[in-house]
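Please read through the structure below; I'll follow up with questions.
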């Protein structure tokens, strides 16, 4: 019952047209070995949920440049001009969410909450087409949960069971994405025996993690 | 800027008629020093959000026996016959929520989410009087968030800033209640200098904690 | 083996290697003692533990370490702790493979009543609804009849329903039912149990699996 | 001191001991250098850090430790890390005492535009809306006018609004406005700045605090 697979084997779970979550805040905490391996495949027509779509030509940005991303759902694509260019050519669909709404929608997807209300974005362009509702005289908008077919996440260390801990601000979206996809593949720097992580300090319990891949050179 | 106060000083923040959250799953993880100190005051007419209302005559159960609880909001009061007796005499109002709905409503209260949908309880007696809504052909009910005037929680260890870590299954409702009340008082076994807790392992960052009280004999 | 142990053993046999399992109070808790040696499962407790181990020896009780029944437990190597919202996120979010539940009654669609008795004040629900709603597979373990002889597998529930979501398997001391979209299918009779007895003790309508085997005595039982 | 430093210093002076503070990119980040010695504040970063410290020395950069602007940072003693949903739960849930934000424009009700320019594709919002919506106090720091001389404190926003929730304080290189339910109140003029100048450079209607003091030169400034 080992969860350790090769980076090549991990690619079997990423299909044309699938919806994928990818951890990271920019390149920090992004599973770069998995993304690079994906680049070497021919998988295309991807819908990607990620705070950003990498940087120009780097990380997920390379997939964008190759025209293999159908849609991006995230909070901040401004720093990658390739995204704007593809969007303006009509080749890339974008769904923009405030970063807190994005992260809460992913958490909801993992926690079996189909939808929630948030005040963030009410009365702004972000609210266009969204249902509005008043609680205690304040306007809120309805946000549905986000889930994906597969999540690629990055952790610092796993034990053999798949329990995970993270590194500093590289934690970001990874723990919530670990709960919100049908198949979860975690790229890690190191795998230790079961018992090698303190039960109090485990951030992602192993029930969320399907497969482990060792970081290239890690 | 020290957060450490005496258990007596802590009582200044608990007023007649206030709404209070109290951590713990039964007596495990319940801030018993704070509850015992509260028992010695005359504060009454309390609305208490807690998974249980203690055990007969113990913990919050002692407050119930003294008739000082106006309303209990929780998931499981069956194990305390005093609660049933007070309820049947019409002296205690009860709001019963599935344990996952209770904990999610508290988390929502702390995270600025006014309401969310859940499938749990849809089509059951718990759904009576609640708004129902269908997403993807499945029924869900709307649950509003819970917040309180004051939260009494129990942690294992604090640093001087108020960062907290917990002990085993005594964690339970404490971290989510730490975020969902206007004033948060944490009873702890031990206080260590700032830096005494590893940044990766802090469960409740200090911004949630207003005051620290040392456990009696702790 | 007692009737409850027969049920618990059969429930444990339905688990597969790697399952994340939540055990209710009563018969389900007994299932932990019958998990086959060749598989490894992980016990989840809704009060915030993954990886529950055996009951501690006397003198080794840790007051901060209890299961959802508030009884002292231990944890296994590789266990973890988390808060209640995270724990129920796991349950509601579909991260628990199997829940084994006790019931007051189950109806002929496999729907369960296990939280509230009519006429009594409704003062406890705990995690019952969450577990039934969210677990990938639900196994009901119950004595076939109540103390007064009434069937616990009924046409219509007499007690308030716990969830619209039906169980997947119902295990009694007499037999096993699978549940599909149309309702119950009798799939196994325990050794020495006749179809006639099950029919007599079951109020609910059920279909019978083709080639269902009656074995006459315990010694011939495959179980 | 540059205009931006004047603004950053005044913003820092608005903080009180123990504040949890989120600093936006640009002028707000400069405020960290002017926090008075006699108070201790804690810097929150929406990518999951409480307790940000100074920029690391060259050679001491940790690639896993960046702020919301993706620049390398350090952490102070007592810092903690958390995931993005927890971090925005802190923001939306009202656990951040003060956010200091840069803006494109602010209107005469104190409402802010700082995320999107019309005519350009709307491809980034980040945490701007969350911070404005959720922070207990919002301090806007901005140059009084744009490069072309146009006022940034306008009657009506030309850019898409970030939140219906207005800022509490607006600090420019010329002056400070407080915001109440009716709109802007000019409360301070920086040394050497005349009321005439502020009126000339401000498109928005604003009230003037009683006893507002004009000081003629920097040397006489209380700031």
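We call the chains A, B, C and D, going by the order they appear; numbering starts again at 1 in every chain.
Note that a residue touches a chain if its C-beta (ideal position, glycine included) is under 8 Å from a C-beta of that chain, and two chains touch if they have at least 3 such contacts.
All values derive from a computational prediction rather than experimental measurement.
Participant: Go through the assembly and pull out the chains touching subunit A as well as subunit B.
Facilitator: Of all the chains present, those in contact with both subunit A and subunit B are C, D.
Participant: Per the definition at the top, count C-beta pairs in contact and tell me whether B-C or B-D has more.
Facilitator: B-C
Participant: When the centre of a chain is set as the mean of its C-alpha atoms, what distance in Å lies between subunit A and subunit D?
Facilitator: So the centre of subunit A lies 30 Å away from the centre of subunit D.
Participant: What is the distance in Å between the mean C-alpha positions of subunit A and subunit C?
Facilitator: The mean C-alpha positions of subunit A and subunit C differ by 35 Å.
Participant: Identify all positions of subunit D at which a residue touches two or more other chains, and write them in rising order.
Facilitator: 75, 81-82, 85, 88-89, 91-92, 133-134
Participant: In subunit B, which residues are in touch with two or more of the other chains?
Facilitator: 104, 107, 111-113, 118-119, 166-168, 199-200 - these are the residues of subunit B that touch more than one other chain.
Participant: Which chain pairs here would you call touching?
Facilitator: Listed in label order, the chain pairs in contact are A-B, A-C, A-D, B-C, B-D.
Participant: Provide the residue numbers of subunit A that touch subunit B in the complex, in ascending order.
Facilitator: That would be residues 104, 108, 111-119, 135-136, 138, 140, 144, 165-168, 198-201 of subunit A.
Participant: With touch defined as at the start, can you tell me which subunit A residues reach subunit D in the complex?
Facilitator: By the definition above, subunit A touches subunit D via 25-26, 28-29, 51, 75-79, 83-84, 87-88, 94, 96-104, 106-107, 118-126, 139, 166-176, 203.
Participant: List the residues on subunit C that touch subunit B in their complex, please.
Facilitator: 45-49, 62-67, 70, 75, 81-85, 87-89, 91-92, 116, 121-130, 133-134, 160-164
Participant: Looking at the complex, which residues from subunit B come into contact with subunit D?
Facilitator: Those residues of subunit B that touch subunit D are 1, 107, 109-113, 159-161, 163, 179-180, 194-195, 197, 199-200, 202, 205-208.
Participant: Using the touch rule from the top, collect the residues of subunit C that touch subunit A in their complex.
Facilitator: Contact set of subunit C toward subunit A: 17-18, 20, 40, 42, 44, 50-51, 75, 77-82, 85, 88-96, 134.
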